[in-house]
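Take a look at the following structure, please.
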């Protein structure tokens, strides 16, 4: 049923990675990504692969969840790899008509493929070990310093929370409206593009009206519960930087330094 | 010709860890012209059942037959199945949430147009439907969103009625209305059955509403047909109904209670006036008896 | 005490003016369970929104525990004193888990996280939703959602709670969950309850019933005083308890009272 839809892909668990402060995790992912673009040789790639595998093992999340994350991007990854292999000039090792594969091309393709797979896996690791709500809180806290230059950190986070809360409700509602219109003989499946787009109007208009009504009700309810913006507001679950978070931060810095070192030394 | 449900089963998200059986082994027949009440808790399977009846979902097992034809048989041409399916009209809970057109008339025309009627015919059907639900024609060119809650609901019901269904399913048609709105809608529904001969299938949580109008009641529980019969037959099972949390009409409850106190009253009455007569009769008898003693 | 003094609310639109609440004066006493009964459009929901300054009077005043709702400096104190539960259970839950939602109002008060945790746990226990605290609201039944909404309000420790048709969208099971919770809060927590409803089954449970019609108070009194006026209620298109109607129908001959509200009372009177 549609109400089983889950937002994000959080997998409950109690590993070290699950327990880290979201800010440490977001920070870690950022450092990992930068490192990924710093490295340019085999040693660097080994460094990144080993640290990624290490983190995945630490999270105790089965490998299949990462493969699931890669699957939708598989086509893009394969295409990039093939293009890299074919387009890089150098020592030709295989040729057919105008197509030729070079040794350099193969290495580049392997690097690029590894880079993409690691990129997807490490972001999956973040969303697999962090609930959307905690992630939102982390983003809010990290954006807080930018308030002085006008970044509405609290408002953005509140919007994300409300979106997360209402997406399942609206999906359920869409399902109901579609059924009601189907019962009036609406056909969403046949006809050309214009016809199909037109067929969406009987769904979109009621959905939009209902969303507006919900927004209005919610605003009233929030006001009645004393909401007056982020000023003076405290939280049930405050984020706390613990020893392990400083550790994680240190590891992230070391990883980046190591990545730079591989580039300079090898 | 009847609407038949043969040994129907329905499972949500089959073959997944979330699979849940919503209906199992349901058999029933609804004859043309009847007023049937389907009653049960949230989660009893009644909503699933009616969605199968109007072809919005296909049963996992078993068949739904309209006039003897299986509405889900792939060998029957698609357009014939659609026509057949649309003989069963369905008014969902809070049907006013499906309105979308600029005017009342245009909105009611949506169904007939989907059935292939041209502009003129559709308008004629729509106006007929407005009359049937007691909506004055002066509202035809107004925006449905400017009407009151009760009127919006009538527009939505008219939108289904304009398709001339033989069977009309109404899922909690009185939900959210105040007592006056509730009475008006129920009276209108009863009139549709009596005067237009439309078969009515009323889905409700309220035994009081169903008992007053239905010729036959079907009680659903945990995905199965639990009881079936005339209101009187059903209320004989009062203790089971109460344990299911469904209860029996108040009038019936009063009579049952009096009977327990030793009064010689019938307990299969649902109307207030009839109950009044019954209680007075017993009261006179008791008083007479006391005088003799 | 909440005092309404000549409260009037007029909505102005292009089509003209609509007087939703018309010169109402009423006192709501601390600790009472008040029901405001009336059909849709009688102005009862507009009146409700004045009790915690969601709307301000266009004429007259509303005084909550000595605070005028027009006094902006008292706004947040008034909203903390008078909580509000709305009709649609879906549209008043803000957060993605039950406990986070329950915390929302208390968070707005700016309390210490430790204290928020304590209040949330207590509130969820009071409404019997503790075991669901990690759940997402959209997976709950209507009655459960409404109980979470109530918990969110009581965590703020209000003295009054206004229920604006809290059961209109619920099934019978959900309805009885909410009514039981409401009564418990009144009896055990000593919170003043103001229940806006069109269900007479709920009004019967109140200490005092105010019947509204066309923006005015039509009449008021204890449930017995109100519901014995069967004809008057019917003229306002309101329901009357079946028991009361039956009692009055047989009253002339049997001599039983016309203010009977429960089956038990009727049976006892008849058997006397």
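We call the chains A, B and C, going by the order they appear; numbering starts again at 1 in every chain.
Throughout what follows, contacts are C-beta pairs under 8 Å (C-beta built on N, C-alpha and C of every residue); 3 or more make two chains touch, one makes a residue touch a chain.
Quick caveat, the model's predicted, so the values are computed rather than measured.
> So if I look at the partners of subunit B and the partners of subunit C, which chains show up in both lists?
Output, common partners of subunit B and subunit C: A.
> Given the contact rule stated at the top, which pair of chains has the most C-beta pairs in contact?
A-C
> For subunit B and subunit C, let me know how many angstrom lie between their CA-based centres, rounded off.
31
> Provide the C-alpha centroid distance between subunit A and subunit C, rounded to the nearest whole angstrom.
Taking the average C-alpha coordinate of subunit A and of subunit C, the gap between them is 44 Å.
> I'd like the Å distance between the centres of subunit A and subunit B, where a centre is the mean of that chain's Cα atoms.
That pair's centroid distance is 47 Å.
> In the complex formed with subunit B, which residues of subunit C make contact?
Against subunit B, the touching part of subunit C is residues 39-41, 141-142, 168-169, 171-174, 198, 237-239, 242-243, 245-246, 249-250, 253-254, 263, 266-267, 270-271.
> Name, in rising order, each residue of subunit C that touches subunit A in their complex.
Within the complex, subunit C touches subunit A at residues 49, 52, 54, 76, 79-80, 83-84, 86, 88, 90-97, 99-100, 103-113, 116-117, 120, 136-139, 152-153, 156.
> Which stretch or stretches of subunit B touch subunit C in the complex?
41-42, 148-150, 175-181, 205-206, 245-247, 250-251, 253-254, 257-258, 261, 272-273, 275-276, 279-280, 283
> Within the complex, which stretch of subunit B touches subunit A?
Result: residues 12-13, 18, 51, 54, 56, 82, 86, 89-90, 92, 95, 97-100, 110-111, 114-115, 145, 159-160, 163 of subunit B touch subunit A.
> In their shared complex, at which residues does subunit A touch subunit C?
3, 131-133, 161-162, 164-165, 168-169, 172, 213-214, 217-218, 220-228, 232-238
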